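What follows is a structure written as structure tokens; I'll ask about it next.
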């Protein structure tokens, strides 16, 4: 597949994500209730949202998830994201850097991020198929291009397999990741993009030396949905519909991975309350893509506003659960119901202990 | 924040509560079935709805929950409520007295209650932020102003935190309450206003010497909903929507607190059947605000009618469960289902024993 | 209350039942699946629907439930029911005979039943308030009037209590029933009319010598619904709505009573499949009112048709579960779900054993 | 019943199936989630969909379920199905051959299948009533007529019993099957047609020497639904509605039978994802009728397209669960919820173990 294709597909994706309904329905966060603490023993001003993550400091446990770059028209989006991230002290990822690795003329659509976010936590991004094919070379180029603090290798077979031109080879994935981990100087995150990461996969990734997972669970932007709009093929469309909601919902995936590796929660987080719920379930950080795309297409101010909305919601949830620090959310009692409770039961987790606290561990 | 603001906000609140949809959806009472007793072994005339509560006698286990006063236009409302309460022998609370404590000219909007309800159980009302700031002084003034039988300190951080001008300090809350309990002559009730009270909070309040809790659970008037209509700020509106249904549903909160302290159940009670269900779950008294506001804006007769509707429904439920006295409802078998059953399960309560009776205790 | 009132109220009831929506929603039968037997080892012709009940033979386990008589205009209805019952070999009850006991001129509206159903199983009907007030006298008169094979004493406090003119005394109910059982020559059935009978009540009735219960569970005709249409009083209407769905659903009530006394299942049975489900749950007989009222207002042929529809459905269910005799349905495996499964769980019944068979007993 | 009737009824059925809504609602497959494997350790090209079934090789675990033949107008349908099956390497069944056994002039509507599918796995089809009546004779004729690789005896009492002219004798069914198994040279499959097969029935069939069951569960084409459209009789129509959804849902039935005999899953499979779910639950093969009827009425190319759609979906599911071979799907973790979870619980299956793997066995 030529670079032009990779690059122009990027634009397609953005247009579809902005114009069409591309979300799947269930994150499981709707089945989580954080238990209200009516007399929290702290002032709102006491709340500390700062966290450390992979050696960096974030003003709040929030990342803008990998989205774009790789086509000239995406440069402004990345600039707006970067400016806002720098201003608010959170972090962000860039979209897959493959196009720019293969065509240097596109590099500035990524490097603009570091230009406008000199201090922020920025992570590079490259797909697992490229890592399998090109190994450490691509990984290093991606990191260098934006002077990244970490590298995210994304797993997106769900999308590849419904894409007519998809890269549908996954063999040797773990050893390829292991190699990158050994050679590269920054921490490696492995990141799903809508399918979620299971306990078994998380264990294998830990054994490869991966330092965090971004669960990328079902419930938010669905890449089979995006491909539904792109494909012209009749069978392709029907397959895309059948697999629209495929994947481990974000809430399930957090529980699957929380005791294995530090977890970034992505997939359908649409508010600071969602971030708080993810952290209460066991994640370290919440992350979101789609809402920030909408904002970034307007201005960096809009992105700042969206970030502030997320942080405000997180703070409200922390205040109303009496959580001074972010990790205190994990000691907050929760009530799970519906499908999430069913998942916990069939997985053999002790639901009573789980609801009491996710800090004591040993629930999986 | 100046008094004028407190006072005029009161009117805003009333207007919004009367004109807009301000309720949240789930009390959990819809998931409670009182088991029908087809041959009750008593006559309807045998039923005794009278109860004693904090040393006072009530003709029925029903209180009109704290609502208003503090603005000249609310005086009529309080008069209508007071006349009806006196006539029917139940009790009532007044709204937060802060405005009148800070501006004596507003006192009559509260004292009118005792004027028209010389014998009724009346409780004073002041917010926890004022107690933290002004301690016993405000508490005593509130009680004196209406010659109250008890004082309710309300917890409303859910509202404060979504209010731009909110009092978002909660530190030293328990010690402030403990001080008031020690100094003041009347019993102290701690009262939520839509967020519900958890087991942990109830235990701490008991340790402070508090004599009863009013659970103020989710499912009725939602103060984040009210603030949604008030705020002009875009982020504020989105936060208010996200937290619209926040809080421990009334039914859950009753179960959380029933073995710790005497419970007044508020939050979404809309009928005598609801009151009966709350008592069956473990509450001593049911209480409601919104339906009585509608009535009080018309006349005291309308309030009486509403009270009679509640008492009639309670009596029917008592008759059809064979409950001669109010507390017999707690021995009535119940069937719980849906989300309430899920909550009971994840909390580690023995659901079979719980459904059999809530009088034997030890279920939490 | 005068006789005229009793009599004219009868007409009101019939009109409302025919013209308005008077049913409550949930019988729980929708949550029962009879396990299909794809190779049943019998021919449809082998199926024996005959049963013996209280010493009488019925061509099928089906009774038309007590409905009417007591007003001149109801005579035709009772005649049509009687002719159809006689023709098809099932049984029926008459409506409350109070009006005719108190006004002999109305007797023929009941006695017409025995006239046209010389051999059928017919049961008399009188309300518990009358039994408490008038004892054996009314019971004997009711039985004599139609040469009844059994007497049903109905419990209908749910209706009485929402009726402005209702008989709301229930004290001494059990001893009154016990007296009737001792004095009267026919077996005594106790019958609910929409509220369902609990295990505790069934035990007490057994101790009084009662020979069967008709559970009259929630899910079919709701008498609070009927009173909703009758009452002009505002509070009355609201109470009727609140209690519209009150009562133990038919399926729950069958399970409550099946190990205590022979059970007639009434309340929302609308097909032979419903009858089969009730029997599978533990009932001896299914019974229904409302669908037969519609038919009887047209002709006895329409009633025969409706009976045949019920019997055909029962036979199909028996065939497809491989049940040669009616009681074999109780050995048929079932799957319960939804609210019915929840009820079984909270009641402490072993749901696995219960689903395997209801014949082995000991599940309550 | 004469042959003409059998033959013309066939056309009725096809017309109704194509024009009307004949499906029942719940297969239970909607309550199965295959756990996503985000890094599958294989390439899409590594996936092997080939399976062996009853001694034959299939390119994928997919059969077109028995549908038609027996009326001159059905010949084209069978030809189109046969050509597509031959081209794609899967297998198919023919519809009931009774009409052609009783009227030789109709034989070509069946034999055309073998003509156009010289190498494919083809199974003959005859109803249990004919086997009971005519024994091995009909069975042998059916197999010979199409040179079948296997014989399916279908159980369809659900349909027969709602059909006015139905064959409603089932006595001696097992011994009749046992006889056929002994005498006939090809393997015998017993096949339901919408009612599902229970564990008890599967055990008995295994004892008769049957080599596989086709569960024909509820959730797809409903034959009571089809008869609803055919019958003119009022009671017949009501019975058909009552029993429209009767039967063991496909997913339940697979679980019932999977440890007893090799399972073909039919009933509401509408995609390759459905096939994958059935196999994950324990089936060997997925099979479907209705979607292929629609295609076959157009052309063999349309049937090929539909087959390819199914196989593509299966492959995607295999890839995304990391299943190299079809049977690996049974080791894939699943999450069950809703009614399917409830069924598993009431059946006494250990739901945690079941979700972990269906290969280890011993769960029933």
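Order as written gives the chain letters A, B, C and D; numbering starts at 1 within each chain.
FYI, contacts are C-beta pairs under 8 Å (C-beta built on N, C-alpha and C of every residue); 3 or more make two chains touch, one makes a residue touch a chain.
Predicted model only: the values in this text are computed from it and were never measured.
Visitor: For the sequence-identical pair subunit A and subunit B, determine the rotation angle of the Cα superposition and round it to the nearest 5 degrees.
Guide: 90
Visitor: Validating interface symmetry: for the copies subunit A and subunit D, is the fraction of residue numbers used by both over half? Same or different.
Guide: different
Visitor: By mean C-alpha position, what chain is farthest away from subunit A?
Guide: Between subunit A and every other chain, the largest centroid distance is to C.
Visitor: As a quick test, compute the distance in whole Å between the mean CA positions of subunit C and subunit D.
Guide: Going by mean C-alpha positions, subunit C sits 42 Å from subunit D.
Visitor: So, what's the distance in Å between the C-alpha centres of subunit C and subunit A?
Guide: Distance between chain centres, rounded to whole Å: 60 Å.
Visitor: Quick check: what residues of subunit C touch more than one other chain, meaning two or more?
Guide: Touching at least two other chains: none.
Visitor: Which of line, ring, star, complete and other names the graph you get from chains that touch?
Guide: Drawn as a graph, the chains make one closed cycle, so a ring.
Visitor: How do the chains pair up in terms of touching? List each pair.
Guide: Every pair of chains in contact is listed here: A-B, A-D, B-C, C-D.
Visitor: Applying the document's contact rule, which stretches of subunit A touch subunit D when the two form their complex?
Guide: Interface residues on the subunit A side: 128, 155, 157-158, 161-162, 168-171, 173-174, 190, 192, 195-198, 200-201, 204-205, 218, 234-235, 238-239, 242-243, 246-248, 252, 339, 342-343, 345-348.
Visitor: Spell out the part of subunit A that touches subunit B in their complex, as residue ranges.
Guide: By the definition above, subunit A touches subunit B via 33, 35-46, 271-273, 305, 308-309, 312-313, 316, 319-320, 333, 335-338, 341, 351-352, 354-355.
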